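For reference, the structure discussed in these notes is given below.
First chain written, first letter: the chains are A, B, C and D, and each begins at residue 1.
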Amino acid sequence: MMTLDIARRVIAAAEAEAARIGQPMNIAVVCGGGSLVSHIRMDGAWMGSVQIAIDKAWTSRAFDISTKELAELSQPGKDFYGIHASNGGRVMIFAGGIPLKSGEKVIGAIGVSGGVGKQDQAVAEAGAAAL
Amino acid sequence: MMTLDIARRVIAAAEAEAARIGQPMNIAVVCGGGSLVSHIRMDGAWMGSVQIAIDKAWTSRAFDISTKELAELSQPGKDFYGIHASNGGRVMIFAGGIPLKSGEKVIGAIGVSGGVGKQDQAVAEAGAAAL
Amino acid sequence: MMTLDIARRVIAAAEAEAARIGQPMNIAVVCGGGSLVSHIRMDGAWMGSVQIAIDKAWTSRAFDISTKELAELSQPGKDFYGIHASNGGRVMIFAGGIPLKSGEKVIGAIGVSGGVGKQDQAVAEAGAAAL
Amino acid sequence: MMTLDIARRVIAAAEAEAARIGQPMNIAVVCGGGSLVSHIRMDGAWMGSVQIAIDKAWTSRAFDISTKELAELSQPGKDFYGIHASNGGRVMIFAGGIPLKSGEKVIGAIGVSGGVGKQDQAVAEAGAAAL
């Protein structure tokens, strides 16, 4: 089960990776119910990325999939094209959201926003790896 | 100016007070522009209080007033009655939001939600005192 | 018919009154269709009052009534109690919104937010008087 | 720091360019926190462009990028495809929004809407140049 301690450990690992690559980020962790457990905006990170980080985490838990994979399935002509407009616009379809698993069970998700897709993804992976 | 370091110090002080009184809380800090800088949900705190804590912080910065004071001004028959429906419903009119000041300048705000008004207020005050 | 020139004249008169009483304000003018024609936020005016000023103007035109009068009709037990939750929360029920008339015809409205009700109302009246 | 004086100077320059090319525009300036400082709708400008101008300005500040550049990054298959649905639909991904800088520091943004992309961009650039 997700706890604040776990969320903090995940965020700290992600934050360290963001610092290492020199790109300030918004980093969020949600619980198994999709609700926010913790969030940080690093100094200099985009204001517009606050909600995106939170919503990437929500999206990853809502569909138990990384937003990077969902992005591929949501391009024009693909099966999930249009899904970004569902759920009140909370569904994020670009890289940076990853489910957090305990064994096979998804216990939450991390969402990262603040750089290009590759950076967001790398930082989210670093966070997820700390679980 | 608000930084993540300041936000963490404020949240840590609030969290300690919440632990002391035995009431798990959502605690949020926003910057001078009203955007979220950091948030924690303590284990066992209400899911429905996540947005309330964030919005209490936003409200306190948006009007440079504690939500406790705003609550008094927003009762039926008072000057600001109805303000809770403005700004897309983000205006919180119950205790727990306090502006954070550096000298006379408001640099952000803290918002706390998870208990009764008295508890939320006490925890927010403990956080603000750490600035 | 409302024009940008008229809106600017109305706003200038309201701004002068706000400066005279020493209370920074958000001041907005909408056209006969309820859409924004012009807005200013004076230095130091509340961030949270931007949308309230715009929505007070909209409300005054939407019902062709001052928001001060609407406030009285919207208290608990009165005919319009609950109207503040209608129209997506755009209906403002506290003083500061006044219809702008050319003869008998309503051509728009002014909305003012930034002080207590009496101040908002005085500034809105000064603006309306310039028409 | 953004002030109403600066916003008016920026808007006046943009308005002059809009007049010169004969295309009525909505022109908005936001502060460093993303909140509206001033807005004008020129006579004959589209009603539907009021919010777009304000949101273009917000977007440019939220991500410290012109909406023209963001547009390129948000096409199908690109890194930010889908971002237009984030943040409650406030993210505008077509030309006309530009960050306003004081030295290296972003102090706000201008948003222009009312013509085709090329026109909106030209008018926004004229406004930004007046800073």
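Definition applied: a residue touches a chain if its C-beta (ideal position, glycine included) is under 8 Å from a C-beta of that chain, and two chains touch if they have at least 3 such contacts.
Everything numeric here is computed off the predicted structure, so don't read it as measured data.
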(request) Work out the mean Cα position per chain and let me know which chain is farthest from chain A. (result) C
(request) Could you give the separation in Å between the centres of chain B and chain C, each centre being the mean of its C-alpha atoms? (result) 28
(message) Could you work out how far the Cα centre of chain A sits from that of chain B, in whole Å?
(response) 25
(request) Please compute the C-alpha centroid of chain B, do the same for chain D, then give the distance between them in whole Å. (result) 31
(message) Give me the residue numbers in chain C that touch at least two other chains, ranges are fine.
(response) 47
(request) Draw the chains as points, connect those that touch, then say whether the picture is a line, ring, star, complete or other. (result) other
(request) Over in the complex, which chain D residues touch chain C? Could you list them? (result) 3-4, 31, 33, 35-43, 47, 50
(request) Write out the stretch or stretches of chain D touching chain B in their complex. (result) 31-35
(message) Under the stated contact criterion, what part of chain A meets chain D in this complex?
(response) 46-49, 51-52, 55, 71, 74-76, 84-85, 88-89, 91-95, 116-118
(message) Touching residues of chain B toward chain C in the complex: what are they?
(response) 33-34, 59, 61-64, 76-77, 79-83, 85-89, 91
